[in-house]
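Next come the structures, one after another.
Paired with chain B in one complex and with chain C in the other, chain A is shared by the two complexes that follow.
Now for the complex of A and B:
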């Protein structure tokens, strides 16, 4: 195969791999911000917790990181759910209007960021940690990818599609969609709005946690690693259109591919490119690709 | 069936309802009349649990419901079709109707109820797969009403169902009200169209500045000086 085609394939698959993670974390934040109205600046901390938990479970107890998905996921869901039931639901009820709630919940999320980060510092220390798992090359039409990258992509796509079907097909999924559009009317239909919003927040945390488990197979871990992912998730949900779950999913892949193309030419510019796209979007099409 | 007793309701510090009492008996159509800002919607919101009264009580079938959450009140059999339709515009017509049957009791029977609602509003059946926002104004109102019936309510409260509709469609809305009552559904109706409303209603209440100014049988209300002057332009 000619060299140039291998390069393009390399970039395309690399972009999808990166995009899979972006899609997952953005869908999570989209549930928390688009539906539950909490701009959860501590979103990345759930990624970090997912990653460090996996690191410990694998290196200390020898539990397979893919099995960790099934352990860490539900635990983080429950943490997210309870956090929303206690902290954010109270703030929501206390707020005189939705705008005031967005402000107070953002501040609370900031506090959460520092609390979680400092607890992680206490538990795991400030050093970078890493482990090796499924780290062998797989040849796809001449381009070599490490197996763990492909596993990450498979899970990200699988979880994204499964969640989309859940939203479309199930009773709870429909309740989530109706609550995203008009929580007050949803409550008139019989939807327990506090519970559904807490479930959304829990799902958002779950997706961050799962992304963390997957990321830990590839990147060195550090308690301060979360914020960069939060920022990327914010860019993606604006790109995809606030409140649109499919928009976040597709937006994640678009940003991943852009990131990979930029990295191919100048690796140090990929974050700068993200912010450039973000500013451009806010100026030209603030409602994003799928926004209304 | 429904007994609202001496309620005061506030928006923040502003009082919107003053000592309001209202009674609805089974299989009645009760009209709620009043100018914009008189407190009609506030009263409906207080009954359905979106607002809590500061004092007074709301009883439904002998049970206190003031202070309960809206989703619990629907479960007990009170449906509220809100002002301005408030459809889930990004969901299909069918999904909107399904949401109307969200309570656990209604969800199990939703296919059966769906057929009954399609009989009342045949146009909705053809449009089942369409997004709600692509419907015409009249169809959207039919959908809002159909959605309100999907919970199989004992009492259904409609907030200006004919607002913004063409005269032909307005008549259709009143026809639907009558046929619902024949099916045994009790109705609380807010309407701008005072003459038509009082013609189909059994009794009526007139709200003025958050207080009940008049109440009585519709036939008598139609003869009242206040109503004739203020609402019928006679």
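Now for the complex of A and C:
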């Protein structure tokens, strides 16, 4: 195969692999912001908690990281659910209008970021941690990718599709979709709005936690690692259209490919490129690509 | 301007108290010196950032997270124009230039983005900090090949007096703006933007100009701060934490009163100076907890707590205040 085609394939598959994680993280934030109206700037901290828990479970107890998905996921869901029940529901009821709630919940989430991050610093220390799992090369049409990257992509796509089916097919999914459209009317139609919003927030945290478990397989961990993922998730949900779950799923892959292309030419500018696209998008089409 | 307003007793007594406090502050280096001067300079810096934030975001209701960007622009102007060797321009000129540079950035950003509503504006201004940081970092690494820059060393007392002057200018601007027609227009935008536009307020101009005005003081403070840091790189200059701190300090102190943000900034700056070096994790952890608790239980800040307490102590006789 010619050299240039291998490079293009390399970038495309690399972008998809990166995009899988972005999609998962962004779907979680989309549930929290698009439905529950909490711009959770502490989203990345749930990723960090998921990653560090996996690290400890794997290196101390020897539990397989893929099994950790089933342990860490539900625990983080419960943490997210309870956080919303206690903190954010209270703020939502106290806020005079939706705009005030968005501002106060953003600041409360910022407080959470500091609480979670510094508890992790006290518990795990500031050093970078890493472990090796499924770290061997797999050959795809001449380009070589490590196996754990492919596992990550598989799980990201699988979870994305499963959650989409859950939203479309189940009764709770319907309640979530109605809450996303109009919380007040939904509660008049008999949806227990506080519970549904808390479940959404919990699911958002769950996806972040799962993303954290997957990320821990291939990047070094540090208590301060969360924020960069939060920032990327914010970009993706604006890119895909606020409140649109499929939008953030596809947006994640788009941003992943853009990131891989920029990294190919000028690695240190990839974050700047994300923000440039993001700010351009806010100015030209703030509704996002798939926004209504 | 209406002179009668200044004669009313509502203006005289707070004015007198402010003047006495100002004289006390100005003589501080003579009486205490050393560490206290450094600490008070830090408090003044945070107070400038917080009051500038309230100047625009308080009445207009647009939550700006651009403070760190304006501060960083000031710091960088300071580092570029006040190098530790071969300095040409005097400090005060650079302070004004730094303020102007921040204002120009604010004018550009404001003209582009102030039509964005609510949370979009907050996200955009936060993105601005990261964008400038990343581009500057790339520039320093690949074009100029400078890892960090050394800034002219200025003695602590000079830094203190310049910071005090910027602080006084910020407070005076804040005070008179709130009482002016312009400030009223800004407030009407915060309450109902459409109604304000229909009443003949040039909505875009008022927003952009106030945004630029608030950026001026932050940029000027940035220049002075650069001389205190003496060594900077893009990550030191554009610290995104400084975008959230003014918001927290303002909410903690209470934005309903003119002295609320100053009280909030003073308490936080003091805590930071005393705790951060020894127990950084504990400080940040406390910071987070206090933020959550204040938002949950003290929506009007600690200053808002005083009339509440007073009412309770005096047995509800002053319920009308």
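In this text, the second predicted complex is superposed on the first by the 292 of 292 C-alpha atoms of A that agree within 3 Å, B and C clash if a C-alpha of one lies under 4 Å from a C-alpha of the other, contacts with A are read in each partner's own complex, and residues count from 1 in each chain.
As a working rule, a residue touches a chain if its C-beta (ideal position, glycine included) is under 8 Å from a C-beta of that chain, and two chains touch if they have at least 3 such contacts.
Note that the coordinates shown come from a computational prediction; the quantities given were computed from them, not determined experimentally.
**Q** Chain A superposed: clash or fit between chain B and chain C?
**A** fit
**Q** One more residue to check, A:39. First (chain B), second (chain C), both or neither?
**A** Only chain C; A:39 stays clear of chain B.
**Q** Can you report the vertex angle at chain A, computed from the C-alpha centres of the three chains with chain B and chain C as the arms, to the nearest 10 degrees?
**A** Superposed on A, the angle at chain A reads 90 degrees.
**Q** Applying the document's definition of touch, where does A:175 land relative to chain B and chain C: first, second, both, or neither?
**A** first
**Q** Could you look at A:217 and tell me whether it touches chain B, chain C, both or neither (first, second, both, neither)?
**A** neither
**Q** Using the superposition on chain A described above, determine whether A:48 touches chain B (first), chain C (second), both, or neither.
**A** neither
**Q** Looking only at contacts as defined up top, I'd like to know whether chain B or chain C touches more of chain A.
**A** C
**Q** Who does A:106 touch here: chain B (first), chain C (second), both, or neither?
**A** After superposing on A, A:106 lies in contact with chain C but is clear of chain B.
**Q** After the superposition on A, what does A:279 contact: first (chain B), second (chain C), both or neither?
**A** Only chain C is touched by A:279; chain B is not.
**Q** Of the partners chain B and chain C, which touch A:29 in the superposed model: first, second, both, neither?
**A** A:29: touches no partner chain.
**Q** Nearest approach of chain B to chain C by C-alpha atoms in the superposition, in Å, rounded to an integer.
**A** 15
**Q** Once the complexes are superposed, what residues of chain A are shared between the chain B interface and the chain C interface?
**A** Of chain A, no residue contacts chain B in one complex and chain C in the other.
**Q** Applying the document's contact rule, which stretches of chain B touch chain A when the two form their complex?
**A** These residues of chain B touch chain A: 12, 48-50, 69-71, 74-75, 79-80, 82, 86, 88-91, 95, 98-100, 102-103, 106-107, 147, 151.
**Q** Which of the residues in chain C come into contact with chain A in the complex?
**A** These residues of chain C touch chain A: 61, 63, 112-113, 116, 118-120, 122-124, 127-128, 130-131, 134-135, 137-138, 141-142, 244, 247-248, 251, 281-282, 284-285, 287-292, 295-296, 299.
**Q** Where on chain A does chain B make contact in their complex?
**A** My answer: residues 96, 171, 174-175, 177-178, 181-182, 184-193, 292.
**Q** Within the complex, which stretch of chain A touches chain C?
**A** 39, 87, 90-91, 94, 99, 102-104, 106-108, 110-119, 121-122, 231, 234, 238, 266, 268-269, 271-272, 275-276, 278-279, 282-283, 286
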